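See the structures that follow.
Shared between the two complexes below is chain A, which pairs with chain B and chain C, respectively.
After this line comes the complex of A and B, so read on.
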């Protein structure tokens, strides 16, 4: 594996290189063009436009004269109780789902990495949620949580409307979030586990380290880069989650599961406040970048 | 004996992962009478496929599935068609542009969609593309493009440059070398990328929700969400059946790439 990756490119004659350079450049642009047009038109452009919209009073209606309002949306956001509630729910949701996903996936990956019987069953099952459309996952769990026809009340002998209960709705969707995101994390961690050199464990065993010590002193440090990468990605995905929660609760009951994405969506497409919703989007981007930056910076400092 | 707790843990995972799936299956096989029972049963008393035929009988669902199919086919073909040349150039020429392209792939994963979807909606409305399938295809292409580029340039990199050079030493033109040497080696990667783009589009919900407001043009995920309506429990059976059928394309995709998942692809992607 390493032999193929690290071989340097063959040296070329400098004369040929210079003559071919401008032709090569033209060729490169020509090849990139078909992909660049849609990305610039439908992605980079709108992104910049969206950042600009955050500082206007734009409305999502045909007859409206948009004007620049400076930081008005920002001050409105800071005094908006719904904004604080929504971002708080977003924080609880994304942190707890990411942490639980990681712990559950690490446990499963460790089990799958051992020589247990029936692990192939678990292996296949562990990938299935990944293969399902988010909307179907949402509908499926709605059937599980259904107050009358659902299985959960029957199993627990309770009579609860899980997704409509003020204090239980958020934990209920967190369980679904963990179920949905566990497979990717498990597959990635399992791949990481399989790359830990066997010699390290053998050396540990010679030194008399028990199972727990080997896990703590060999497995975890070796997995560290993989763990940092996948938990960062999971956090971003969870914070930006929309479809799953939209299907399950639409942000209800009483806004108890209204993640920032759902809040911004409602502002933009129900109340047609495009400018304000863009400011919410900008705030989300800043939160994600700040948390990610802080986390990666700390991890890098500790690794040194 | 020491392994008993391990097996217990494994069993717990299997139960947690499997029980919602089994419940979905069980619901899909039940008669409306059984659905209405006060105490739900795990195993349907009289298993029936009526829910599946009912789902096929729903005009809305069949139409939506066909539209989803058209959108997913169009957007996956377009995605691969326009990202293939770019991926080739990213893999073969090291330049500022390809570095910016890679940077964009990463940025596009972090930014909340809402920041793009609002201005995009305004643009699409001015272009009269809201409530049209071509509009949705354009959006799906744009948003699967970064990851498709990423996948494809990895596959191009895996084809040794020496092979291309050897072909041109043998007198083949540049294009000829690409068509007859690179293309066959690239085919599995192209198929994987096509499937990825197809599934992304087939499963996509948020853009469809924003851009398709007219029930006559809605794709399958949207129609499924709107399906139960006020009738409640009686429609849960067909809903479960339709949900199961909507999962089939993704299951086929994962069955195909299963082997890669276990070995190379993920390990290489993470090992950076």
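After this line comes the complex of A and C, so read on.
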């Protein structure tokens, strides 16, 4: 220690190293450039533009001079009851869809992980909803829910207009949301299940652990990282869901299914308030990030 | 980090430039035909056919002005136009309806046609129809922002057998039912698990507001250039009467409430209810879908203190940024001449604004209720809400949920009035600034 400390450091070495490092950095930037350009051009650029818009009174009209209004959009948002009503609907929607989706997908994944006959066929069938665009799913379920010709009323022998009923519309679209999102959740959980080492189960069996015990003490803890990842992704997807609800109910009846995304869309493209809509989008992005950050942070801490 | 922000700035500039430069088509060189895009919202089969046929006819006769038919949809046309206008890619000739024009006109996206209209077209369409398309434009000046060509009035389509059985007086255009008689007839037809009437109220606002004029209900008042919502005794009449049919007389089918205009038809054909108050165009769907031997009649809408109904019209407009406005106007005046309007009206089962077209024999025949439909045109007056800036937001944010809740019997009429006025004025206020 002392020897190295007293010896004067070779003068050139660090500079050369620094030069090497900076060259390396330059090369890294150069290599990243092709990937960066589209990201910057199509994600970061519009994002910054949107953030900028949120502080102006921009309107989608030809005669309007856009000017900077500071936090006016923000204060309007805080006092906009309609927005908060829609935000509440969004929270109910995204949390219940995410939770139900997870439970249903976990069940399905466990089933598909067992040694069943026609397992591969069943696995393919489980992924089918994934192959459909949200608009097609919306149209299909619209037919299912149709008050006169719908298959659901036929089966139940009822005469309910599911999507127009004030208390049933939201649950009805939540069912569709769960159905839509199940495949990717199932696939991810199934992949996680197949990564759980067989030895653990064998050891558990030797120790006399029952089915339930093995699930609770082996499967779940082993799946934990997968579960955290997929539920947080699902939450973001569900919160930002738009196409499905747009096709199914357009936010009706009486705004009972007007998710925040739909609300922002209407502000921008129906009432032309581009500035206000950008502020709404910004607020939603921040809320999603905050919820997600909190959730991930807690999960990480518990995992440690 | 600095590089990143510099790149981002560059990206924004490029994007902005790309957006700004995207407008319109190429200017036509010498000898090349002028190209026009025509956004049509025709959706009924006959109507689409009639539209396309007219476009073909025009293209054959005018090799120097070629029109491309672009199919749009009523469901999302206004969202689509907002984006297209903002991006500078809007079609030259735009089919829409008068309520939407007010907004686009004041945004400055539509061309003021008042100086361009050929005299023949102008005189063939009566003034009250022109009133439905006269708005304040971007700089506050009054202008004509579309050519009105098809009008919709409300009628009642009734199951003939059930109507005859009920013994109710059959109303005629000269002597329509009063609302009392209408409710009475609905009660008579309600029996054996069948309802007298069905109100399809998925989009309740325009329908209710148009009918509210029966009792002089305008819903809006303007003092000193400031428009506010009003819900007084006149406005309450029709609301209350429909509500009574649903919950007091129990003569209206509650299942239809959440349905769109054409949705109750299967139940109508099955005889689950006897009468369907609706727009004249629905007759086409009835003719097309009715099972063999199903007999139906068109009855005039009931009258209150008057038989007046609010009128909105379908329109053709020209985009402000169109590069060939004069050619577009030529196309419109061909497309909407009397003979062609009669074809379009027949195709869409609506009423032509053209006086010559309305006199066409096909428009006054007894068959399929055309005589009743055409006669109802004389009751049409400009809907007061047409001139209200911010009406669209008031309708979808305030009035639609409030009326849906009212007709679902969730709130009282007093609360309806309170919310329509209070929440409504908040919305309208934003448009006054």
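Definition applied: the second predicted complex is superposed on the first by the 259 of 304 C-alpha atoms of A that agree within 3 Å, B and C clash if a C-alpha of one lies under 4 Å from a C-alpha of the other, contacts with A are read in each partner's own complex, and residues count from 1 in each chain.
As a convention for this text, a residue touches a chain if its C-beta (ideal position, glycine included) is under 8 Å from a C-beta of that chain, and two chains touch if they have at least 3 such contacts.
A quick note: this is a predicted structure, and the numbers were derived from the prediction, not measured.
*Asks:* Is A:216 touching anything from chain B or chain C once the two structures are fitted on A? First, second, both or neither.
*Replies:* A:216 contacts neither chain B nor chain C.
*Asks:* Looking only at chain A, is it chain B or chain C that touches more of its residues?
*Replies:* Looking at chain A, the partner in contact with more of its residues is B.
*Asks:* Once chain A of both complexes is superposed, is A:46 in touch with chain B (first), chain C (second), both, or neither?
*Replies:* Once the two structures are laid over each other on A, A:46 reaches both partners.
*Asks:* Would you sort A:253 into first (chain B), second (chain C), both or neither based on which partner it touches?
*Replies:* second
*Asks:* Please work out whether A:36 is in contact with chain B alone, chain C alone, both, or neither, and reply first, second, both or neither.
*Replies:* It touches chain B and chain C both.
*Asks:* Just to be sure I read the superposition right, which of the two partners does A:269 touch: chain B = first, chain C = second, or both, or neither?
*Replies:* Touch status of A:269: both partners.
*Asks:* First (chain B), second (chain C), both or neither: which does A:147 touch?
*Replies:* second
*Asks:* If we overlay the two complexes on their shared chain A, which of chain B and chain C does A:292 touch? Say first, second, both or neither.
*Replies:* first
*Asks:* Which partner chains sit in contact with A:60 here, chain B, chain C, both or neither? Use first/second/both/neither.
*Replies:* In the superposition, A:60 touches chain B and chain C alike.
*Asks:* Determine, under the contact definition given at the top, whether A:166 touches first (chain B), second (chain C), both, or neither.
*Replies:* second
*Asks:* Let me check the overlay on chain A: which residues of chain A are in contact with chain B and also with chain C?
*Replies:* 29, 36, 41, 44-46, 49, 60, 62, 148-149, 269
*Asks:* What residues on chain B touch chain A, complex-wise?
*Replies:* 3, 6-7, 9-10, 13-14, 16-21, 23-24, 27, 35, 38-40, 42, 81-83, 85-86, 88-90, 93, 95, 97-98, 101, 104, 108-123, 125, 138-139, 141-143, 145-146, 149, 161-162, 202-203, 205-206, 209-210, 221, 224-225, 233, 236, 239-240, 243-244, 246-247, 250-251, 253-254, 258, 261, 266-267, 270-272
*Asks:* Would you pull the chain C residues touching chain A in the complex into a rising list?
*Replies:* That would be residues 3-4, 7-8, 11-12, 14-15, 78-79, 82-83, 85-86, 103, 106-109, 138-139, 202, 255, 257-259, 263, 266-267, 320, 392-393, 396-397, 400-402, 404-405, 408, 410 of chain C.
*Asks:* In their shared complex, at which residues does chain A touch chain B?
*Replies:* That would be residues 9-10, 24-25, 27-32, 34-36, 38-39, 41-47, 49-51, 53, 58, 60, 62, 104, 107-108, 111, 114, 116, 118-119, 121-122, 125-136, 138-141, 143-144, 146, 148-151, 154, 179, 182, 187-188, 191-192, 194-195, 225-226, 229-230, 233, 236, 239-240, 242-243, 246-247, 260-261, 264-265, 268-269, 274, 277-278, 280-282, 284-285, 288-289, 292 of chain A.
*Asks:* With touch defined as at the start, can you tell me which chain A residues reach chain C in the complex?
*Replies:* Going by the criterion above, the answer is residues 29, 36, 40-41, 44-46, 48-49, 59-64, 82, 147-149, 159, 161, 163-166, 252-255, 266, 269-272.
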